[in-house]
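Two complexes come next, and they have one chain in common, chain A, joined by chain B in the first and chain C in the second.
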Partner chain A sequence: MIAPFFENGVFGETASLGVALAIGIAFGWFLERSGMGSARKLAGQFYLRDLTVFKVMFTAIITAMLGVFWLGWAGALDVDRIFVPETWILPQLAGGVIFGIGFAISGLCPGTSCVAAATGRIDGLAVVAGMFAGVLGTGLLFTRLQAFYFSTPRGVYTLPQLFNASQGAIVFGVVLIAFAGFRIAEMIERRFTRASIE
Partner chain B sequence: MKTLSLRILAVVALSLAGLAAFAGSPRRRATASLDVAALAHDVQTEADHVTAVELARWIRDRKPALRVIDIRDSAEFDEYHIPRAERLPIEAVVKTSFQPGETIVLYSGGGAHAAQAWVLLKARGEKDVFFLRGGVAEWLDEVMNARIPANATGEAREEADSVAALSRYFGGVPRQVDSVVPIQSFKAMTARVRGRGC
Partner chain C sequence: MSAKPYSNPYLAGFGLGLVLLSAFVIMGRGLGASGAFASGAAAVAAAAAPKSAGANDYFARYLSASGSPRIDWLVVELIGVVIGGFVSAVLAGRFRREIEKGPRISDAARLRLAFTGGGVMGVGAVLARGCTSGQALTGGALLSVGSWIFIGAAFAAAYAAAPLLRKTWI
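Now for the complex of A and B:
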């Protein structure tokens, strides 16, 4: 029985929707319990006071990365069947800038805005409404945006391809960067929290 | 206690990452297995390609999860491409992880490169993959400059009117001709395909 289970036909569409629902509930639960539903906490990272989001996200990345790598290495996971989003350099750069501006202004990102909305926070509801308005607007203007949307395509483009290195070497590099990042993040937090108290 | 658990987790993560650097890459299906009999059957039964008119109907009718992929170079794509097409070089196409349920239609200038890309994607296990046998040239001939027999009757008349409407939908100019004679001779066929790229 080799993962991904849905891709390899271990379970069907209904079961996969059930699994997706369970994962979604767990994701929302843990985001809320770790305080990620609070715009103040999330905005704290832009003022360098609270880098919890950075630490949580980077921890998730390296945990998943080590899991995927070693399961793939052991043959329990067919890494070729995992969906990897394609790269379109310019449109994704533009998307990142828009996303970042929205994140800094609202203090919420798509996942956390849903969590905030579910807990009844008005700002969360407003961000969710804005997000859907943006999706709808993009859909309506898609014919005009299409040329840009599909510009600078690179297909599936990953770090091992970019650096011409093995996946294991990239895993090692990213984990080292994460640990260095955690250390620097805590130094910054201490410094800026002290500065704000003074 | 909390600090100790964190340290243990950090040591485990770093050890796994350090070992990954020497482990190389997870097993990949770089040499995909190819069911040549199934492939030959698809070719024999013409299940390997779509005609330009079929593709035009899919695009007009907003066939769900349809991806029309132009594998020509960017200059040719910018000069003219089939509406809703995205450009992906052949090297990027074979590295792309398509989502389950997507219908992929490949086209090139003529048909050779698209047919080669079709074989590569089939070898990788993609199911709903087709190519446009005559490429952009077929699209221009059969859709944008469709020849409509003026004296057709019955079902042939309905089909002719449907193709004319389809052509106009894409901004084409269907031409009324006395009759559409299938190309019989090899000489006529080579004259028609001459000039088509690959």
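Now for the complex of A and C:
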């Protein structure tokens, strides 16, 4: 077992910040390359005119998911040492709904708003400022939210556990669903382009 | 220089997936964005009122044991995102000082909505413990149930809210 390198002590805290910078640069690069720094393009997702967000996000998810699965299977990556976000059912359901509404209002999400701001978009800067104010305000009111915030905990809880299936079966299922989604996305975009030409 | 068209979404998504996979392999953790905002908010709270920030269970996790801000991995990563986005846009001729919006809304109204939407997302990201990066991409690829709940809820809510916001974009 070699990877994950940081978790296995291959390098320390200081070097990890250099890794953070490099990974961040690559992250920002691909977000910008795909057009995810443009609020107009992102908003197009919600009016079925431009499904780039869906395509980019799900291609990224299945790429990383398959990579983890295969590297783990080959014994090159200790999957148990990767930090998996814990599940808190109700707070994440409510948080998701609130987040989605904010996403539709602003046209950008936290990461893409930083790319938008970095590429000159003033509206991106406004989203960054709003996001900061929102997190700060919610944090200041945290004692009142605490009971809900810590409700319905499930710890590390994954889809293979939920469906009582092997990791391979779930990975295969997610890939199938993603490819079906890509097909549908292409069909929707084609229909829309044709309709707007006519 | 005229702006070059954006990359093929599947190709860019594949690149993004490899970046996420690299984070898993090198660091044992995924990507994030809202966590860096939380870290910054904690630092501001600590500077304004050190005692109450240290006693706040949400901010305390982003501060050192003595209550002072510490350099967070996600903050450095997000600085990288800004640099990477900027360089990519400049090289492609896509850096442009503008306000992105539809033709039927004023600049001021769009900026108000951008700030408001950002604020609403901030509330959601705190409750959900992450955003499109830390939950959707990272938790999605790691098959976390809570992350998939977040993805479903966020997209459903965005589609439900979109018709009311049509004027902003179309």
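Note that in this section the second predicted complex is superposed on the first by the 194 of 198 C-alpha atoms of A that agree within 3 Å, B and C clash if a C-alpha of one lies under 4 Å from a C-alpha of the other, contacts with A are read in each partner's own complex, and residues count from 1 in each chain.
Here, contacts are C-beta pairs under 8 Å (C-beta built on N, C-alpha and C of every residue); 3 or more make two chains touch, one makes a residue touch a chain.
From a predicted model like this one, the values you see are computed outputs, not experimental measurements.
Once the two complexes are overlaid on the shared chain, A:187 sits clear of chain B and of chain C alike.
By the document's definition of touching, neither partner reaches A:15: not chain B, not chain C.
Applying the stated contact rule after C-alpha superposition, one finds that A:154 touches each of chain B and chain C. Contacts of A:168 after superposition on the shared chain: chain B is touched, whereas chain C is not.
Contacts of A:37 after superposition: chain C is touched, whereas chain B is not reached.
Applying the stated contact rule after C-alpha superposition, one finds that A:179 touches chain B and leaves chain C untouched.
Chain A has more of its residues touched by C than by the other of chain B and chain C. Residue contacts after overlaying the shared chain place A:102 against chain C, while chain B stays out of touching range. Counting contacts as defined above, chain A residues 6-7, 62-63, 68, 71, 77, 81-84, 86, 146, 154, 156-157, 160, 167, 171, 174 meet chain B in one complex and chain C in the other. Put simply, chain C touches chain A in their complex at residues 6-7, 9-10, 12-31, 33-34, 37-38, 40-42, 44-45, 56-59, 71, 73-74, 76-89, 92, 94-102, 110-111, 113-162, 165-166, 168-170. Residues 10, 13-14, 16-29, 84, 86-89, 91-93, 95-97, 99-100, 124 of chain B touch chain A in their complex. Taken together, the chain A residues at the contact with chain C in this complex read 3-7, 16-17, 19-35, 37-41, 43-44, 46-47, 52, 55-65, 67-68, 71, 77, 81-89, 91-124, 126-140, 142-143, 145-146, 148-149, 154, 156-162, 167, 170-171, 174, 182.
Residue ranges of chain A in contact with chain B, taken from their complex: 6-7, 62-63, 66, 68-73, 75, 77-84, 86, 146, 150, 153-157, 160, 166-169, 171-172, 174-176, 179.
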